[in-house]
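Same chain, two partners: subunit A is paired with subunit B first, then with subunit C.
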Partner chain A sequence: MRPEQQGIEVAVLVSVGRHPITGRTRRADQDARGLELALGLERQVPGSRVSLLHAGPRSEESEAALRGYLGMAAGAGMAAGAGMGLETLTLLEQAEGSDAIPALVEHLAAAPPQLVITGARAERGEGSGLLPYALAERLGWPLVNGLAAVEKVENGVATLLQALPRGQRRRLKVRLPAIVSVDAAAPAARQSAFGPARRAGLEVGRVAAEPDLALAEWQLAPARKRPKRLKIIKAASARDRFKAAAAKVEGGNGQVLEGVSAEQGAEAIFKLLKEEGILR
Partner chain B sequence: MSEIYRRDPRREWIARNRLHPEHTRVLAELGGLGATSEWLGPNGVIRKNPHAIGFIGPNGVKRIDRSGAQQVGQAAASSISAARQAAQDNRRNVNIEAPAFLVAVVPELSGGRLSSHDKDLLGLARRLADADAEQPGAVVAILFGKYKEDALGEAGIDRVVHLDEELYAGFAPEARLAALSAVERELAPRHWLLPDSPLGGADLGRRLALRLGGGQGERPATGLWQIEADAEAPLGWRCTTRGAAGSLDIQRPLPRVALALAECAEPVDETRHAAEPLSLAEAIPSALSRIEDLGQVAVDPAGVALAEAEFILSGGNGVKDWDGFHYAAKVLGATEGASRVAVDDGFIARHRQVGATGTWVTARVYLAVGISGAIQHLQGIQSCEKVVAINLDPGCDMIKRADLAVIGDSAEILAALVAKVEQQRGGQRDAA
Partner chain C sequence: MLEILLPILIFAALALAAIGAWRRIRLWRQGRPAEVDLLRGLVAMPRRYLVDLHHVVARDKAMSNTHVATAGGFVAAAMLMILVHGLGLANPVLGGLLLAASALMFVGSLFVARRRRNPPARLSKGPWMRLPKSLMAFSLSVFLSTLPTVGVLPADVGSWILALALVAALAWGLGEMFFGMTWGGPMKHAFAGALHLAFHRRPERFSDKQGGTGRSTGLKALNLEDTSAPLGVETPSDFTWNQLLGFDACVQCGRCEAACPAFAAGQPLNPKKLIQDMVVGMAGGSDAAYAGSPYPGKPVGEHAGEPHGPIVARQGTALVDAETLWSCTTCRACVEECPMMIEHVDAIVDMRRFLTLEHGNTPNKGAEVLDNLIATDNPGGFDPGSRLHWAADLNLPLMADVKQADVLLWLGDGAFDMRNQRTLRALVKVLRAAEVEFAVLGNEERDSGDVARRLGDEATFQSLAGRNIATLAKYRFQRIVTCDPHSFHVLGNEYGELGGNYEVRHHTTFIAELYDADRLAFAPWKGGTVTYHDPCYLGRYNGEYEAPRRVLEALGIQLNEMERSGFRSRCCGGGGGAPITDIPGERRIPDMRMNDVKETGAELVAVGCPQCTAMLEGVVDASAEVRDIAELVADALVARPIADAASPARRPVGKTTAEEVF
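So, the complex of A and B:
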């Protein structure tokens, strides 16, 4: 490692999650993946410091969930020989039902980290996934969504791998400071150790809370099952309706090449693959 | 020609005698199709000849198709295609000259075509636009990059803004956002609709919502799946959205920007719209980009889960040269799949099985080699976009399903395809 390479400041925004079946509080899955990514970064870029940030009400339940993140760092720092930066979590305490965005913007603008990692969407409340975008817009930082890995950080430019659907990856270069959001494509989070989580401290700071008026006006209800889409058959006659219900395979409008040489057949397939942009 | 109608009693006799060797020829000569099976009798009564209609069914029994879709045997093929065309042609043409307002839609256009999600979204846009029949709105689609879709009007698009510059290719949220902001300034659509899908609108829509409203930002509806008219809401609609990781339903007035889930509305299927090209008057300001796209990374296709693979090379009972098959998959960069028979015979691992008992795949291109197409297998590839079949049997079900079918020896064709790909790559793989 080159000595001049400086570590970077990474802030991980964490939230209180919700277990999808029992509904109990837990560390949110995507945020935990974000922290996992940050801890991996600490190993990749020595001297990096990871800080945890949460804005929301403080209660026994949410505190237990937030300590789940603190338990993740146990031993990670020691193994890498880097700074054990993860002994506390900064909790910006707010009243229930207030908007977290202004508080986070204020906190991040006061001591700007170089990289902010968040989950793509929260597991409680509105869960619209707007928070990283709102932060990026207000702070004026670039944002990359769907992060899969951080490849390297050099001279204030990070090379990232973005996850695309169908298991594909895209390489991006982003100028720091930047906000990145992770979803299910990021590496799975490690287990949380209970003891270190209990011993770690919460740094509580009170911030001015702006109530989220719009959310208070909306009606929230447990999600009901979405109606299954019916297959609508527009047929003029009984025969067409019967065929639509019982027909096995429609005689397709596909092209059939019969009695051609192998080269001609391969040529046709090659052309189709080219058109679809499958071959690289 | 003389006006006198002359009868030919011999021909009439042949026409009546179904067993006569020249019966069908004479029938055809007498009056073409239809006329022989139905005519006006001398007493002004419609007479029907049931022997002249129908066709011989698969078991050698004569069947009569009363729907009229299938005429006398020989004309069957042409009449089916005519019927299909008629079914398409009864779409009503709609041309909205002076729209009362605009609904802007930014489809995902994955692979250059409108996905089913996009079509649902356009159906939703049509619901918003056509709510008031007196003053219909127009649906404006903003398309980035090249597209291959030719049925834009049939999906319900009135106007098309096509932005095909190089800077919108790949991951270019800042450039795209600048373009959408220019559309907002110039056209000021009443609604913005985007698909809430990872590749398309989920990212761009959230950026757009926060950019609109003079920097103040709109609070978009994300995960929208239902709308209903509501006179009290600002835009006249209420919507139901999914919140909190899918565990909450949020009822709220419809905001200007909405990110909708799949199946949020029925796709348009009764009307055909104009899809007129529309160009922006003002130039789009170039945005300073702090994100640089270095292009897609080659991923190991074997590591991609079968259910989400983009390109699958699938082998079945007809594959004899498995080494060649694996090599072809490697060269083409395809994920390997297999039919049940190939898996049972131990040629390929169980987790690679495609079909009802295996994996339901969603590939964009599915290349089926030596697979005849059992119904269980065809179920598994229902949602594949393009199916290519290589098979020896021209009558099998896979050929019927395929968009392109090549009849021939699979090993030879695969080898020729591999040779072609390698030749096109200029022997890079040989060097490596």
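So, the complex of A and C:
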């Protein structure tokens, strides 16, 4: 560690999650990974401070879920967790159905942190995964998705490791302030402890509620599993199977149609569906 | 000269002992307050000592006789000595009694010495090795200095040198027996032990004059309402004062060490060392002076603690390492064996509570299991709506439909496990054959909270327990029957404190009752030799050793008992969340247990617990098959003679079930 390195301010955006089987509220998996990443920064950038930010309605259920993040202050080897500012969470209280983005933008712009960490996609609500992009656009900050690690922060430039498919990593240099989003490639979140979660405080700030007009027009229905293309295993040997599992996706069979009419395009799609046996 | 020196010596020793006692009491008082009926405890103490404690000591006849002679002789000799030599009541009757008492003590001390010649590994050495000599010095010198008092020898016999030697020996003896008793010598166990028995944190575990055997095994609840109350034990001073007193009572006999499955498996736990570490922490210092077997793989002298310092460090070492605490299977073998009635398991769970609730540091799969329990009400993270899938074809009556039944069949989390589903199906078959009116909660049932509680997550336990109690309150039933001893224990012994009081039966107990009431008939046993493995949570936790054996006998099975069976049964390794925290050792506990089975030559081991089934069946190349008693019973069912059949209305049900058997 170089002595001239100063700690940075990190804001972690956390949402109320939803358990995939029972639908109970919980700390959202990706957001918790984001917080884990932030807490791990103490090692790379000593003196960093983490603040938690949530915009949404306040209820007993959502509070219990949000406290799940606060319980991570006491994790393994994290004596300094409490020193990193995890005693409180800032809750921007909004009525149900309000748009979180303007509230978050206003709050972040008022006292800009150097780094904003967020999960890639919420577990309830729209779950469109657009929030980090909308924030980045409005704040005019760079955005890095699929973050795996923050390697170092020097002179206002962070060296980040971005996760790509199939275990590949890409090293990026980003000027701070920046927004990063994490998905399942980030380190798994530590256990949340009951005691610190119960003791921590919620700082509630009311913000002007802008109704989410887009959401109001939507119809919500329980999600269905997406159909998966049937996988026909052609490999005859273990070597072939390994190659098939480890190889990059090769888009050899694809066909790009350019400058065709709607009829021709529809014809091509129709033909493909027939080939695949989806239409008979 | 003796007449002048003896009273001085005696009263000096007594005064020093009193100062030591005051200091020792101050050490205990560092602990948290506890509600103890002091007076009633003191009144009950002699009975607890003479009956309950002696009952445990007497499992080793030779040692019990040795202790009766030595301790009885010492107590009598000490009292009489104060009268005769201290206060100068040189009456020949008292003197004669004193001679007899010190002689008895001397004989006892000879046996203590013999035991110390080649001490077994479980005994602590160090200062304990000098104890027989101290006992001899005391008894012999008291005996000799009493001879002139009763007139056997003239008062001025011998030379000054002889008298001085006698005084020196007596000073040594008094030093060990009186001074050492309260200043931390081996005799500390007598002082602390007596008070520990009086102020025990589980007064209900002792027998009473009305013939009650006394049993108290349920963990005590944390008060979660009070947000200022600490969650579990972080420092030695977080224990209650009578727990600290209990640690101080340890005689380091190592019976717990010999019984501990984790120690035998080479996992880093030794119950005796753990209790000694708590004593070290209470007084402050390092464990370097400990003279017994260490935690396997952890040399003595590397750990230290203080009364207000952490027991488990977040980083580095403190008094105890976390993996020591997580090695425990909560099988209670140590508590069962402890002649001083120390509650090891309570202490371990108290410390685990802090690690889980405050540190958020449950090892290995612990965090995942706890998260599952919170989100899905079962440790495996299965869909709670699929709890009854195994019984899709059984048409089990649901409590939600029938509202009341004689028997509520509690399924337990084994309902998600394919192996245990076979047991459950067998049990349902048996219940139907006996025409028992039963119903299940189905998807309304949740995990009992056993694993959460033993992993230290009291919050999740109380949440699960509260919701289960609310569900059970909606229905009417006579009793709960379950094939899971862990659910049995928690429902029967731990829900009471939270407001749920039920009559709970283990399925073997219930089957034995049904058989005794002639509601079941069995075909004769045609299989091979059988042994029975007592589940800890059925046997030691609930005292049920008889019913499973009665059922096996009714099946026509003659048991080849294992050497360690009944209250000495060795754990399968599946309790206390041990398979979840999975602390590495040199051997696996279930492997050792299957070796015990192998030694009996049995081809089949009968069990009565889903955990034991899973653990024992997981042993590679086992010599015996593992079957639950319910399965054995279901296989042996035959139709009852028609004359015995119950009410005609129910007969068809019984018939169809019985016909399936043929």
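Criterion: the second predicted complex is superposed on the first by the 213 of 280 C-alpha atoms of A that agree within 3 Å, B and C clash if a C-alpha of one lies under 4 Å from a C-alpha of the other, contacts with A are read in each partner's own complex, and residues count from 1 in each chain.
Basically, contacts are C-beta pairs under 8 Å (C-beta built on N, C-alpha and C of every residue); 3 or more make two chains touch, one makes a residue touch a chain.
Source: prediction; values computed, not measured.
K.L.:
For A:A193, is the partner it touches subunit B (first), subunit C (second), both, or none of the two (neither)?
P.N.:
second
K.L.:
Determine, under the contact definition given at the top, whether A:H19 touches first (subunit B), second (subunit C), both, or neither.
P.N.:
second
K.L.:
Between subunit B (first) and subunit C (second), which, if any, makes contact with A:T88: first, second, both or neither?
P.N.:
neither
K.L.:
Give one of first, second, both or neither to describe whether A:S59 is in contact with subunit B, with subunit C, with both, or with none.
P.N.:
After superposing on A, A:S59 lies clear of both subunit B and subunit C.
K.L.:
Identify the partner contact of A:M72: answer first if only subunit B is touched, second if only subunit C is, both if each is, neither if none is.
P.N.:
second
K.L.:
Identify which of subunit B and subunit C touches the larger number of residues of subunit A.
P.N.:
Touching more of subunit A: B.
K.L.:
Between subunit B and subunit C, which residues of subunit A are contacted by each of them?
P.N.:
Subunit A residues touching both partners: none found.
K.L.:
Quick one: in the complex, what on subunit A touches subunit B?
P.N.:
Within the complex, subunit A contacts subunit B at residues 18, 20, 23, 121-130, 133-134, 137, 142-146, 159, 161-162, 164-175, 178, 183, 214, 217-224, 226, 229, 232, 234, 236-240, 248-252, 254-263, 265-270, 272-273, 275-280.
K.L.:
Considering only the defined contacts, which subunit A positions touch subunit C in the complex?
P.N.:
It is residues 19, 21-22, 24, 26, 71-72, 74-79, 190-196, 198-199 of subunit A that touch subunit C.
K.L.:
Give the list of subunit C residues in touch with subunit A in this complex.
P.N.:
227, 231, 314-315, 356-362, 366-367, 370-371, 374-377, 381-384, 457, 459
K.L.:
Where on subunit B is subunit A touching in the complex?
P.N.:
65-69, 111-112, 148, 170-171, 173-174, 198-199, 202-203, 206-207, 209-211, 217, 219-220, 222-223, 225, 241-252, 263, 266, 269, 290-299, 303-305, 308-311, 332-333, 364-365, 367, 373, 375, 378, 386-388, 390, 394, 397, 399-409, 412-417, 419-421, 424
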